[in-house]
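Next come two complexes built around chain A: one with chain B, the other with chain C.
After this line comes the complex of A and B, so read on.
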């Protein structure tokens, strides 16, 4: 019989092997935390979950709403920026370039404070939900621009020549060749970016957007159950991000046809 | 099909590739041979409307090759291209590679396009490969799918750019056999090729391109048995050096 913890020569694991090994790894991680809790002398109490379930659900829902809205808006920002980085109009190219560098080179926390208290105040963006979505989208848009720019530059010139050769017009080339190839190349990274947005939205708690993190902080402040709330907080983010990462992997496998 | 070239000149970023090609003849099957970098592929792309020459005119069947827009797309669609690496669309199955241009460019209904694709795949021995993407096919299979895509809309002529250069010898034979069968069925083509046996026996005319000039042109039997220019003599001599 095959060693249950060693993959075959082709690098693959049987479903039974995968299950056994995953269970082992999970047990080890949970065991480590359990041991740490015991050694630190902390008794875990999760009673607050039932007590505050409506507020937790509301926070979770708001986190999801912010994330989805930000994903959409950040694509709206990121796509033109990716194209703009290759523009022949130099101010446009450098503006896009500067945007990506500034956003990727500074912490999100600083961006949130600067935007909300300076730009937001000056331009009258007082709705915290709207401000949160805008900040997160501007932040994530820079990363999406980089993702899209990467797949744009990986488009093979032979594919474009073949498109011209079969008689496609420019519009048809875009529709039948460029867009499908870009989408399948971009989708895995884009989905991964969505998981990042979900996590990054937790920082919006600093401007008192009552999303999941802010909700849990409030609960923690009134119950003094710091460890319990943060453990549940982390678990709830995982509930959101794990399926997204799974989908990202699936896109990756489905799209791996070329090169 | 009548091809007329007048003073066709081309340069890539000031590097001259073609130095004034003049040519006029009725072409049924033509092999373009010559040393690498001699401008063969560039000439083929100019005739096919994929590159506009720096100077000179190209007329096919009496009409000048359009330079832009819808007319150019229609002109390209009237020809069938096969590239060295096949040029199949990575994201589409073999069947879709053939059927999509039939629908999008040639206006066939979905079921007719599909039937035409399946009929060609069957004829080229690729029926089992219809639902595979190019990355799942062997090099020879890819080239045969590319040829199937090229002939599917019944073009007036095929343009083949070194269709076997990237293939192992066994696949080369499989692709050349297919082209010979197409020729016997009346398909016309211009092929840039390094396969001298194919040029000599499967193509009625041969053009020898060297240093951007059309150095020699004629019936293939004649050109191969009695090369006139020293360049062609040297070129053919080099090829014979390692022959078994």
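After this line comes the complex of A and C, so read on.
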């Protein structure tokens, strides 16, 4: 019988092996955390979860809504920007370039405050949910533009020449050569970006968008249960992000078969 | 080339990060500064370190000077206490949320950060006798027409509060009709009001006074008292009666020997004059009656909040 903790020569693990090793690793991580709690003399109290379950569920739902809306809107922003960065019209190219640099070079927290209190006030964005989605989309759009630009530039120019050689029209080249590869190269990273959006949405709590983090901070302030609330907070974010990461990995595997 | 300072700073940062991670406490700033105390009047032979938790974001009580060192009424007060009782003072800056947990995890010996004594907090930590008394006030938008707390308790009105502050507690209990915006940052609350996104911001009289002065065109201050006074105490770990008794003795002495007048003179001279003119009670004005009833008055107010707050 194979050693249950060592992968085969091909680098693959059987399902039983994977399960056993994962269980071991999880137990070690949880054990380390419990030990730390015990050593720090902290008694965890999770009674507040039942007491505030409606608010927590509302917060979780709002986080999900903000994240999904932001993912859609950030793709709408990110795709044209990715194309625009290669544009032959220079002002367009530099505008896209500047946008990506400004957003990626500054902290999201600063963007939230500056957008909400200056741009938002000047242009009458009163709704906090809408403001939150716009800010998060503008932020994430820059990262998506970079992901797409990376995929675009990785396409081998020889393929385009080959497409022309076999008599493909521009539309056919796009449909049968560019898009399939773009999708398989972009999808894993794009899904990963969705997990980032979920986490980054927590910063919207500073403008009192009552999403998951703001909800938990309010509960923490009234129960003084800092450790309990942040532990549950972290667990709930994992409930959202782990499946997304799983899907991202699945896209990655599926994409790599295509070649 | 300065080779020596970089590694030290890095190590300090790393240590702070580690502390934060282990304790799962949000550290807002990482500047731990030792008080420059001298051993004047040291009673005991071996000097013990006294770690005091403060949120250094509440001038002039707890703040930082231009060089980043802790300063303010509470810092000076604790320094004088440390000198008198033979401690080495160490001020730990942390977020307001992390103050009470810092006592529970024994990262701090006591917390002096303009904390109101409430029964809910008394379940978590022990408090000294009150050393100051404050009153909530309203910073209202100039065009909101708000003249009292009742004006805020209407559907369609928006009230900004700092998360977890006594303004938050009051609004949660008494302004149920209004929408409550809980913000982490005091200046964000002020911005909400001055831009008209919120109709009013509930905080103590001094902060409201200062922020109204800073935004004279867009805000008005409403100083009519709408609740019982709030008593500020120094929090210690549960059961640490030795430190609590020492602090109580020093608070009593300070009231007699003019320590609080000296602190007022140093940090709050202008505000004191303004308060006198407005006829407000000063932070450190206690009469005998207060000292006796202060605790129970605060307890009564807070208990009501507790029992009614549960179903909110």
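One rule holds for everything that comes next: the second predicted complex is superposed on the first by the 255 of 259 C-alpha atoms of A that agree within 3 Å, B and C clash if a C-alpha of one lies under 4 Å from a C-alpha of the other, contacts with A are read in each partner's own complex, and residues count from 1 in each chain.
In the analysis below, a residue touches a chain if its C-beta (ideal position, glycine included) is under 8 Å from a C-beta of that chain, and two chains touch if they have at least 3 such contacts.
What you are looking at is a predicted structure, and each value in this text was computed from that prediction instead of being measured.
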| query | Clash or fit: chain B and chain C on chain A? | reply | fit
| said: For A:241, using the defined touch cut-off, is the partner it touches chain B, chain C, both, or neither? Pick first, second, both or neither. | reply: neither
| message | On the A-aligned overlay, A:208 touches which partner chain: chain B = first, chain C = second, or both, or neither? | response | second
| said: Applying the document's definition of touch, where does A:176 land relative to chain B and chain C: first, second, both, or neither? | reply: first
| note | Once aligned on A, the angle formed at the Cα centre of chain A by those of chain B and chain C, in degrees rounded to the nearest 10, is 160
| message | Under the stated touch criterion, which partner chain does A:186 make contact with: chain B (first), chain C (second), both, or neither? | response | neither
| field | Partner chain in contact with A:168 - chain B first, chain C second, else both or neither | value | first
| task | Report for A:151: first if it touches chain B alone, second if chain C alone, otherwise both or neither. | result | neither
| Smallest distance from any CA atom of chain C to any CA atom of chain B, in Å, after fitting | 46
| task | Could you list which residues of chain A make contact with chain B in one structure and with chain C in the other? | result | none
| query | For chain B, which residues count as touching chain A in their complex? | reply | 48, 50, 70, 73-74, 76-79, 81, 83, 85, 87-91, 100-101, 104-106, 133-135, 149
| field | Contact set on chain C toward chain A in their complex | value | 22-25, 97-98, 100-101, 104-106, 120-121, 124, 163-164, 168-169, 172, 181-185, 188, 191, 195, 197, 309
| note | Counting only contacts in the complex, chain A reaches chain B at residues 156, 158-159, 161-169, 172, 176-177, 180-181, 184, 257-259
| In their shared complex, at which residues does chain A touch chain C? | 36, 40-42, 113, 117, 121, 126, 205-208, 214, 217-218, 220-222, 224, 226-227, 230-231
